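Scrolling down, you'll hit the structures one after another.
One chain, chain A, links the two complexes that follow: it is found with chain B in the first and with chain C in the second.
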Partner chain A sequence: MPNLKIDEIHRDAMQEITNVAMGQAGDKLARLLDTFVILSIPHIDIMRPSDIVMALQAVDSRDSVSGVCQGFIGGGISGEAMLLFNDTSFTDLAKLMNYDDELDQQAERELLMDATNVLFGACLNGIAEQIDVSFSFGPPLVLGQHRKFSEIFNTENAKWENALVTEINYQLENYDVNCDLLIIMTEESLDLLFKKLDYLLEA
Partner chain B sequence: MRVIKTGTFSDFSYNQIKTAFRFLLYMAIPLLICDDSSMARKQVARSLPDSWDVDITYATNGYEGIEAIRAGKGEMVFLDLTMPGLDGYGVLESVKSEELKAVIIVISGDIQPEARERVKSLGALDFIKKPINKDKLQEVLLTYGLLEL
Partner chain C sequence: MSKPNDFLNDFHWLMDVLRSIDVGLVILDKEFRIEVWNSFMQNHSVLRPEDVLNQVIFEQFPELPEAWFRRKAQSVFDLQISAFTTWEQRPYLFRFQNYRPITSLADFMYQNCTLIPLKNATGDVEHICLIIYDVTEVAVNRIQIQAANAKLHELSRTDGLTSLLNRKTWEMELDEEYRRFSRYHHSTSLIMFDIDHFKAINDNYGHPAGDEVIRETARILKENLREIDIAGRYGGEEFAVVLVNTNAEGAQTVAERIRTQVAASTVFYEDLSMNYTISLGIAELSSSMSDKTQWIDCADKALYQAKHGGRNNSVIFLGS
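== the complex of A and B ==
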């Protein structure tokens, strides 16, 4: 178990602001795909890189997945967002985006980036707005396509030991589309984040 | 009080009579706040109109919420949707199928227009986007005559 801990009050507050932000992002995704997005309760905890695979709902260590990541920084808080699609999602995703051509790696990459652009921005800005900071974003990077999660996310190479991980799962009603959005905030960010949450709790 | 003719009571609905007596007896409205997040429950409680005389019960999931409504502690309910165990949709379905008396306003982060339509079709009076604040809540309460200024 990591030494770093999050107490129940801050975990609850982080879960609630995530709940609001993921709802805003989910609404954008629903509008883009013209379908209903099923929201579930976000999972928040301090994790080590090796814990992450266990926190994922949409993908399993054996599944073939595709993923994108993007760094963010602002107001003394920094980290990385990661979006992981189970590869079984792309057929339905293409259908919903009215993509008629043959679904090759390039096409899937575009679908992946479209979903990323909608979800990352809305979700991270939604969190930032509530804690009264604003995030700047690095360029989105494709972590890999059609690979196992362990190949996309090598725990040995992770630049962090402990981080606050927020796991958000999105599913589409009546479609086989399932993805996990992870927001990984660095250990160094947590003092400031908790102060911001305290302010929100007292307001 | 003057003697009322036999049968007059049947001209009034149960709720009208109760409302009349509440006014006479200054009874507080049994209000239920049902949300799994303690911060969200506090935010709702802090957003209540100052003039409102309410008797607040808190529930942390749908099962507790339904129990409280059955026990008469939720004539007015502020209900979250995403909760562990029984969610807000489940609460609305139970209230409908058991024909429980409760005025339910959903307060949720799920802002999809479809979510709003679904809760309304399940009997919710209205839907308020999270995060809640005093102004938003007052506006809705005034709209439905649940609050008088």
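== the complex of A and C ==
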């Protein structure tokens, strides 16, 4: 199987769409948390399972992380969004989201889910709107807490070969919160996605 | 162009579907008053629409955690995005009976919930829809798998006869303690001990009787330890304990307590009654020991001295 590639035009278009969607998501997050959100430039590429770990900015392969994923599907495009928190982020995140209780595993799970709801919802809806599809979402699933990334995301047993990965790094000003949002779209979605992008580019 | 009649038909069909679909549908306004209550909710809550409509949901369902739910709902109203909660976060929002009260292992219905914003004609969100999914089967299966995994994990760490740590796990824990010592230099001691003339017990009374003696020894050992101590079955009739934050003298106090209790105990097996003793070697970890193997060697040497000193006693290792 030849390695799939994404051309510059499509990458630029995808980056533009993601920028807009992230801006909206970041704005919503900033309003919810009442703090300034620093966004990275989205990193977009076609990757194999083993490439994903290298794309992560917030986590080192040795760090312990917590992660949540959520599936989406609609208009012939499907994939999963994945949010990975460096474990050092939790205390500050709890402060921001007004969690006064002691931060046990359960409370951390809540925190993860709340942050996930906001980031996934806003970002994916933003993307969907621009390419004129509407996504259905599965329930979010906590992939693991306080684990190494390789334990959360098993690359050896992955059943896919190539996927379009969009990586966005979020940081919060004056807080030690660092997380990576990955949007992974399946290979089967790409023909349609690129057609949608072409259509946007022509307009 | 469809005729008004078709539109009415479609509308009725849709309403029928929403009413009877096997997920819970509740529509709430900004004051959390219930505006729609479908039959799933009616049947499981045993409350009719006329009982709950226009009532504030928290008053009807005290089990619903108000502060938590308000916070979730607020983000749906304000940000116009959906919010999800899963049974792993909160097993249920409404305490409903599960669908199989007879054959299921669950006491209640596990629920996943989605909160979606409902926009009005002007694009504002003044209502939210709460969707309740019954995920009892999935949850029960997951919980059983987790329990089985925890059991397997426990089994892989412990020794079947005594429930003490098995040798492999104990050595890993010992290694950890050795490394903690290299950082903090707190006092920490190791006791190695074995049952005196164990071979004779096996030869005279048989192996099942010998097992009973080992089990009794492990029981006495466990009774005399704190939560933080690390006790393992080192070999056949050999035991090993790391006493954290304990110097050699403190360890000998513990060792003597175990020794006297063992000497005073009688093991009954079938119609046999057996008295036996143990010998113990103690070594406090010091910076001069280059690795954990040397630490074990020192405790072993002390144990050897205890054996040569007539058995049924404990000896502290005092340098070579």
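Heads up, the rule we're going with is that the second predicted complex is superposed on the first by the 201 of 203 C-alpha atoms of A that agree within 3 Å, B and C clash if a C-alpha of one lies under 4 Å from a C-alpha of the other, contacts with A are read in each partner's own complex, and residues count from 1 in each chain.
Here is the rule we go by: contacts are C-beta pairs under 8 Å (C-beta built on N, C-alpha and C of every residue); 3 or more make two chains touch, one makes a residue touch a chain.
Quantities reported herein were computed from a predicted structural model and do not represent experimental measurements.
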| item | value |
| --- | --- |
| Clash-or-fit label for the pair chain B, chain C on chain A | fit |
| First, second, both or neither for A:L201, with chain B first and chain C second | first |
| Which of chain B and chain C A:V37 touches, first, second, both or neither | first |
| Vertex chain A angle, Cα centres of chain C and chain B, expressed to the nearest 10 degrees | 150 |
| Partner chain(s) touched by A:P139 [first = chain B, second = chain C, both, neither] | second |
| Which of chain B and chain C A:D114 touches, first, second, both or neither | second |
| Per-pair minimum CA distance [chain C against chain B, superposed on A] in Å | 13 |
| Shared chain A surface residues [contacts with chain B and with chain C] | none |
| Contact footprint of chain A on chain B as seen in their complex | 36-40, 42, 82-84, 108-112, 114-115, 130-131 |
| Chain A partner contacts - residues on chain C that touch it in the complex | 68, 71-72, 75, 78-79, 81-86, 88-89, 112, 114, 133 |
| Of all residues in chain A, those that touch chain B in their complex | 9, 12-13, 15-16, 19-24, 26-27, 30, 36-37, 39-41, 130, 200-201 |
| Complex interface listing, chain A residues touching chain C | 28, 31-32, 70, 98, 106, 109-110, 113-114, 116-118, 121-122, 125, 137, 139-142 |
